[in-house]
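Structure below; questions to follow.
Order of writing sets the chain letters: A, B, C and D. Residues in each chain are counted from 1.
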Amino acid sequence: MGVFGVYNVKNASSIIYYALHALQHRGQQGAGIVTCDKENHDVFHRQKGLGLVHEIFNEKDLSELKGELGIGSVNYSNKSINGIENVLPVYFRHRSGNLAIANEGHLVNFPELQAYFEDKGVLFHTDTDSELLAQLIKKDNNPRARIYAIINALNMMEGGFTFVIMTKNRIYACRDKYGLKPLCVGKLGDGYVVSSESCAFDIIGATYIRDVEPGEILVMDHKGLHGEFYSQFKRHNMCSMEFIYYARPDSDIEGCNVHSYRKESGRRLYRECPADADIVVGVPDSSLSAAMGYAEESGIPYEMGLIKNKYIGRTFIEPTQEMREQGVKMKLSAIHSIVNGKRIVLVDDSIVRGTTCLKIIKLLRDAGATEVHVRIASPMMTHPCFYGVDTSTEEELLCSHRTLDEACQCIGADSLGYISPQSTLESGLGRSQICMACFTGEYFTTLYSHEKKK
Amino acid sequence: MGVFGVYNVKNASSIIYYALHALQHRGQQGAGIVTCDKENHDVFHRQKGLGLVHEIFNEKDLSELKGELGIGSVNYSNKSINGIENVLPVYFRHRSGNLAIANEGHLVNFPELQAYFEDKGVLFHTDTDSELLAQLIKKDNNPRARIYAIINALNMMEGGFTFVIMTKNRIYACRDKYGLKPLCVGKLGDGYVVSSESCAFDIIGATYIRDVEPGEILVMDHKGLHGEFYSQFKRHNMCSMEFIYYARPDSDIEGCNVHSYRKESGRRLYRECPADADIVVGVPDSSLSAAMGYAEESGIPYEMGLIKNKYIGRTFIEPTQEMREQGVKMKLSAIHSIVNGKRIVLVDDSIVRGTTCLKIIKLLRDAGATEVHVRIASPMMTHPCFYGVDTSTEEELLCSHRTLDEACQCIGADSLGYISPQSTLESGLGRSQICMACFTGEYFTTLYSHEKKK
Amino acid sequence: MGVFGVYNVKNASSIIYYALHALQHRGQQGAGIVTCDKENHDVFHRQKGLGLVHEIFNEKDLSELKGELGIGSVNYSNKSINGIENVLPVYFRHRSGNLAIANEGHLVNFPELQAYFEDKGVLFHTDTDSELLAQLIKKDNNPRARIYAIINALNMMEGGFTFVIMTKNRIYACRDKYGLKPLCVGKLGDGYVVSSESCAFDIIGATYIRDVEPGEILVMDHKGLHGEFYSQFKRHNMCSMEFIYYARPDSDIEGCNVHSYRKESGRRLYRECPADADIVVGVPDSSLSAAMGYAEESGIPYEMGLIKNKYIGRTFIEPTQEMREQGVKMKLSAIHSIVNGKRIVLVDDSIVRGTTCLKIIKLLRDAGATEVHVRIASPMMTHPCFYGVDTSTEEELLCSHRTLDEACQCIGADSLGYISPQSTLESGLGRSQICMACFTGEYFTTLYSHEKKK
Amino acid sequence: MGVFGVYNVKNASSIIYYALHALQHRGQQGAGIVTCDKENHDVFHRQKGLGLVHEIFNEKDLSELKGELGIGSVNYSNKSINGIENVLPVYFRHRSGNLAIANEGHLVNFPELQAYFEDKGVLFHTDTDSELLAQLIKKDNNPRARIYAIINALNMMEGGFTFVIMTKNRIYACRDKYGLKPLCVGKLGDGYVVSSESCAFDIIGATYIRDVEPGEILVMDHKGLHGEFYSQFKRHNMCSMEFIYYARPDSDIEGCNVHSYRKESGRRLYRECPADADIVVGVPDSSLSAAMGYAEESGIPYEMGLIKNKYIGRTFIEPTQEMREQGVKMKLSAIHSIVNGKRIVLVDDSIVRGTTCLKIIKLLRDAGATEVHVRIASPMMTHPCFYGVDTSTEEELLCSHRTLDEACQCIGADSLGYISPQSTLESGLGRSQICMACFTGEYFTTLYSHEKKK
C-alpha cells in the first residue's frame, strides 16, 4: 500500500492523482482521495473505488475534489465483503472536527486492539488500521490538542506502519518507531507533500526535503513543517524487502537509491556466488537492476531473455485455463532466439514459495536453455513477515524447512545461490540496521497472537 | 501498424487478441478482428474499435468471434472522419466470395491508384491500402483463381507493405518485393500463424518457422503452407528503423534479434563516439538496449536516470497545461539522486525533430547533471520516410539542414555523436542491405507524387 | 427509498435485482444488495454503487452474490461526502454474528440518538437510520435472543420507517407503529419475499400474502413466517402521499390499489371542482390516473397534451442552459396539435412549491391553449413532512402562506381547485385514517428538534 | 428507423442528439451524427455507434461534432457482420464534394440495383439504401448540378423511403412518390430542421412548417427552403402502421395527430366490435390510446391491468431462461388486484404472429381474469410488408391462413374482434388513401424479386 498527502498546493487532487499513479506498484486493488475545501467552509470531498488509479478517477471527479489540502492512498485490499469500505482513506465526520486517515503497513496488535473496542461495543465498518486509529484518537475529549490524542494513540500501536491524517487545517505524517516503513516529505511551490516513496516527487515536480523520522509525527500547517516525537524509542530498521523488491527503482529510501542498492547487491551476489554461463537474465521487472549489477561485475553479457507482458487493468481478459493449455503465456515469456543453446544465470530478487521460479526455469529450458543457474539477490527466506509484506505462511516458504540443495532440486535449477545477510545489509548505506526478520526470524517487536503462528 | 493471422487453430479470436496485445506498440489508436466460422456456413464475424486492444474487446466479443480462421490488426489511425472505418481489417461481402484484408506499411502510389478508381466512379469508404487492394482484386472476374487476382493486384502496388488476406478457406500473407516490412510465419498446434513480429509467437506458444520472403504470397490452406512469388524482383531492404526503434526487443527480424542488434549498435556507438562521463543513461524504452551496449563496451556504469510513466489507455487523464506548468511530468522524469552532480552519456535511438531530446537534456540538467553528452544509435536523419514510418517532413528534421555542431547546439547538449551508416548496417546480420533512406535519401522505389515533397 | 428481502429462494440476488428495478421510482441515486451464502460458511456478499440499478450491477456481480437469503435497497442519497457509504444496506461483521440492514423513511429523533452515541464515543460512517439501528441492536449483550435487542432498539426510534434486517439465518421485516410507511410480504416458491411495494411481486412471480402490520417485526426463518409486536401502540396512519404521488400505480397499499385510488380521487375532484373545458390533460406520469378519473366523471375527453421525455441514467447528457434557451425542453413538452386552441383542465397530483406548475401552464399557453384550469388531486399542502417524503420547507410551500386565489395567481392559472381532505381520505378503502400532516399540520409523533422548524 | 437534419442552427449536433432521443422508438440498435463545420473549411465530423442514443454520444463527442449543418439517424440494424458500418449516416469523401446520407424505409428493388453495381465491380461496405443512393448519385459527372443527379437517382428507386442528404452547404430532404414514409420540416431560429416525426420538434423548440410532399426533394440552403419534384407521380399512401403502431402518439403525420387517430380507432372499434366486460385494458405502450377510446365510447372503465417494465439500454441484465421459469416477467406483468375476478376487454393495436397476444391472455387469466375479450384496433394482418415495417413472413402471420374463429382459438381468447379496413381509413383525416397492403395485399409498387415471396 502507499500513502500520499498534499498541504497548501493548488489542485491538490490532481497532484495526488499523478502521485498515486507513481505509487501504483504498492497497491493495485483500489484507491481513494479526500480533499478539504477551505474556500467552502472546510467541506471534505471524497472519491474512491476498486481498480487502478486511472480506472477510478475521471476528470469530473478530480474537478469536484476541490481544495488545497488532501490525502490519498493506493490499496492492496483483500476480497472481503468490505472491499469498497476497506479502500482508504477512511473518513469520519465528528463534532470535534472531521478526520480522514490513510495508512500503510500492518499492526501486530490489531486483533487485540479491535477486540478491546468490540468489547466496548464499537461496530467496525472496515478491517483497516486507519479506522482503528480513528477510534483511538476519538476517545480523547480535548479537541484543541488533537496532537496529544494522536501521540497517545500511536503509542498503543505496535508494528510497521505509516499514517497520514488530515483535519480541516493540518496534515499529520506519522511513522512507526522502528522505522520499518518509508515515508518522506517534499516541497512543492509554497506547500508540502508527503509520500510513501520519493519516486512520486519527480513526477509532480516536488523537491525531496527529508524522510519522516521513526517515531515522529510531522505536522504540516500554517506554521509550516514541524515535527514531534511520539516515542523516544527510535530505530532505523527499514524493511529490507523495500530495497530488495517492493519499492520503485527510482525511489530513494533513507538516503539510498533503490536501483543503486539493487545493482550493488547484484555485484556482491556475483562475488559471493559466481557462475559459469553465457548470459545473465533478470526476472522482470524488480530483478533487472540486480541482474545488471551481476552482469557488470561478472563480465557476462546481460541479455533480455524474459519478457513480461503487462495486464492493463480490469478490462484485460485473462487467459482461460484452456488458453493457457493451448500455450498462451501472458505473464512471462522466454525469448527463444536469445535463450536457445545458452547457459544462463537467472537473477531473481527473492524466492518465496518457489513456484514462480520453477515455472520460469521450465520456460527457459523449453526455449532451449542448456543450463539455468539461479542467483538470488537476497538471503534464504525462512520466516513470515508480520509487518505488511505479503510473503506467505512459514509452511509454504521454499526455504523454511529445506537445505540449499533441497531447494535447488525443488525448483529444478542447475545450481542455486543466495547473497549473504551481511551483503544485504552492506549493499545499502544503512545508518545502522535494516529489518531482515523474514530471513533471520529476528522480529523487532512482540508479535502478540501471531507468536504461535511464527 | 501490425497484422496477425491464424489458420486452423481453435479459439482463433482469443489467439489473435493476445497476439495483438503483443503487437500493441505498433499501433495504439484502434484494433479489429475478423474470423470465419466454418461450422456455420463460413459466416464472417467482426469486431473493431478505437483505443487499445484491451479497451476494445470484451469476453462476449471474443466468444462471438467464432471460428478457426481469423485475421486481426492494430492500427495507427489518424483522426479523420473515417476514424472507425479506417480501423482494419476491412471486410467485403461479394458474390465471388467474402474477403477480409489488413495491412501494414504505405504505398507510394496510393494517390495515383485511388485517383484511377475514383475516375472510374468508385466511392472509397476508407483511406486504407487494404480497401485499395480489395478494389484491385475484385476487378478480376475469375473467382476460381483468386491467387492470380492477388498476384496482379500486388504488382500494381509500389511501396513498403505487408498484407494478410482472408477468404472463407484461405489466408494469404504477402510481403512487398523490397522486403521493407517484416512478416513471419509460425506453427501452432495443427495450424499456422502469421505475424508482423515474432514477439507475438512467444506469448501464444507458437513456434517460428520462417519469414515470409520479399515478393512472396504465402498461402495457408487445406494443403498446408505453400508459397508463390508475385514478383521476380526480390530484395532484402528491411526498414532499418524496425531494428533501431520500431520493433519490440524480443522480436527477431530477418534472423536477427532486435535487442541484440541494438546492444551491438550501442557497443559500436561507443567505439565510434566515446565520451568521458560518470554514468550511461538510456531514453526509455526503445533506447535501453543500445545504452546497455554502450555501458558494457565503455565500462561506464549503466544507471536508471530517466523513468517513463506509462499512460494506460484512453481513461488516463493527461496533465493539463496548468498542471504541467506546476511541474507535473508524466512522460519522462529524471531521478535526482542518480543524476545529480554526474556527467552523463545520454543514449537515444534516433533524433527526429530534436524537440524531445532538448526537453530531456533540460530535465537532466534541472536534476543536477553537470554534463550531458548525447550519443545516437543511428545516423543523422536527413530525409522523410514514404514507406510507413511516421518520421516527419524534411523541413522539420533536425539534421536535414544542420551540421553536427549546429544540431548539438540546437538541442543544448555538451557533445553530440551519431553512429555511422556502416555500423548501422553491420550491427545486424543483414543478408545484404537494409533500407536507410531516411539517413541517406536513397529510396528503393520511385516516389510518384511524393517526388516533389522529397 | 425502497427495501426488499428474500428468504430461501434460489438466485436471491437476481430476484432482488429485478425487484429493485421495479422499486426504482423510490430511489434513483444508489442501490445495494447483500446476500448470505449458507453453502459457504454463511459468508455475506455485498455489492453497491451510485446510479440506477441497471448501471450498478453486472452479470458477474449477480453471480458472485451467492446465496438464498438477501436484502437490497434503492436509495435517495444526498450528495454528501459519505455518498457511497450512505448507500444501503449497511453491513457489519461482529463477533455476535454478522448483520446487514436497510431501511426506508425517516426518524424524527435521529439527531438526538446520534448525539447520544457520539457522546459515548461512537464514530458514525454514514448518515443512515440503518447504522443507528445497528448501534442500538449491538449494545445488547445476549446474542441468543437478538429479537429482544431489535425490539428494544425499535422502541427507541420515533418516525416513519421500515427496516429489513438480515442475519445469517433470518430476515426481520419491521414497520413503524404508526403505519406510516408501507411494507408487505409475499410467497415465492418455498420461500418468502418482503417489499416496500407490492408492484415488485408481479414482476418476480411472487404472490402477495399480507402487509407487515404497524409495530410488527415479521420474522422469516426455518420456522416459516412469524410475527412479533414490538409495540402495543398500533395505528394505520399510512402516508397519504404514497397513494397520491409516491407509489407505483400497480401497487396495492393496505388493501387499496394505487391506480384505483388515484382514479377515484380524480372522479371526486371533478365533483368537488368541476371545470368547463375542451380536454383533460394530466401531468405525466403520476397524475395520469387521476386525470383519467376526472375525464371519466366529467365526460370531457382525456387527451395526451403533455409528453415526458425520460432521462435514462447517468450517461444521458442534460441540456445546458444555452440549449434550454435555444428551446430544448427535455422534461416535459406540450403537443401543439392537441393543445392549440383548447380550453384545458390540467390535473396534477399535488403542488409543492408551484414552480413546476407555473412552467407547465406556460408550456401549454405557448402551445396555444386558450384557458388552463388547474385541478389538484390532493388538498393544499401547507406543512413540511418529517417522515421521509421530500417535500420542502414550510416557507417554500406555495400554500403555506397563500390563499387559494393568491396561489392561483402565483402559478398563472385561469382557475385552481383542490380536492378536500375528506375526499383524500375516502378515495381509499382506508381502515381508519391516513397521515395528512403535510395538508393539516397534525403530526402523529412528537417532532423533537424539528419542532422549531415546523 | 428515423432521420433528422439541421440547417443553419447553432450547436447542430446537440439539437440532433435530443431529436434522435425523441425518435429513439424508431430504431434502438444504433445511431449516428454527421456535421459540417463551415468555420473550418467545410470539414465533416462524424460519430456513430451501436446501442441507444444516450449510450453512444458523450459530451466530448457532441462538442467535437462542430458545425451548424448536420444530419443524424437512429437505426434498426440487423446483427450482420457489417453492424457498425450499417449504422447511418454513411459518409463519403469525393473530389466532387463530400456527401453524407441517412435514410428510412426500404427499397423493393434493392437487390436488383445492388446486383447492377456489383456487376460493374462496385464493392459494397454496407447493406444500406443510403450507400446505394450514393453510388447512384456519384455516377453523374456534373458536380455543379447535383440536384439533377439526385433526381435521376431517386427515379431509379422503388419503395417506401425518405432520405436526408448533406453536402457542405445544403441539406436535401426526399420522400418517396407514394408518400409511404413520413417526413416533415420545421423552423428553428434562423434555420430549418427536418424529421421523420414531428414529436422531435416539440422537444427542441422548433415549429412545424409542413410535411415534405411525396415525390419531393426539399432543399435547405442559403436561399432558404425550396422544393423540387423528382416525380410527377405523387400519392398519399402513408403507411397505416405508422398511425396504428409505429409513430409516437405526440406526432402529427399528414395533418393528423397520432394519439387522436388511435383514440378514434378505439371508439370505432367499440362500435364495430362491442364486448360485455368489467374493465378495458390496453397493451402498453402503443395500444393505450385506442384502449382509452374504447373505454370512452363504451363507458366501461379503463384500468391499468398491465404494466410494462422497461429494459433500459445495453447494460440491463435480461432474465435468463431459469429466472423466467422461476416467474420473473420483465416485459409485461398483470396487476392482480385490478384484474382478479374481472371480465376484460383487452385492446391491442395489431396482431402479427399472435405469440405475444397468447402470452398476455395467459398472464391475465393467471392473475384471475374470468374472461378475456380481445379487440384489435387494426384489420386482420394477412400479408407481409416490403416497405420497411418489420412484420413477418406470410407463413408466420396469425391471420394469413386462419379464419377469425381459428385465430381466436389460437390465441386462447374468449372472443376476438378486428376493426374494419374502412374504419382504419376513416379514423384519420386521410387526404385520400393510406397503404394497407399488410391487411389487403394491395401493394402500390411492383415488388421485383419479392414477388415470389409474396
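Quick note on the criterion: a residue touches a chain if its C-beta (ideal position, glycine included) is under 8 Å from a C-beta of that chain, and two chains touch if they have at least 3 such contacts.
On a predicted model such as this, the values are computed, not experimentally measured, just so you know.
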Mutual neighbours - chains that touch chain A and chain D alike: B, C
For chain C, the least number of touch steps when starting out from chain B: 2
Pair sharing more residue contacts (C-beta pairs) when A-B is set against B-D: A-B
Euclidean distance of C-alpha centroids - chain A vs chain B, Å: 36
Centre distance in Å when chain B and chain D are each reduced to the mean of their C-alpha atoms: 47
Multi-partner residues of chain A (each touching 2 or more other chains): none
All touching chain pairs, where touch follows the definition stated at the start: A-B, A-C, B-D, C-D
Touching residues on chain C, where the partner in the complex is chain D: 9-11, 14-15, 17-18, 21-22, 52, 54-55, 57-59, 62, 188-189, 198-199, 202-206, 208, 248-250, 252, 257, 259-260, 263, 289, 292, 295-296, 301-304, 307, 309, 312-313, 315-317, 319-320, 322-323, 326-330, 333-338, 367
Chain C to chain A touching residues, read off their complex: 34, 43-46, 48, 81-85, 91-95, 118, 121-125, 131, 134-135, 138-139
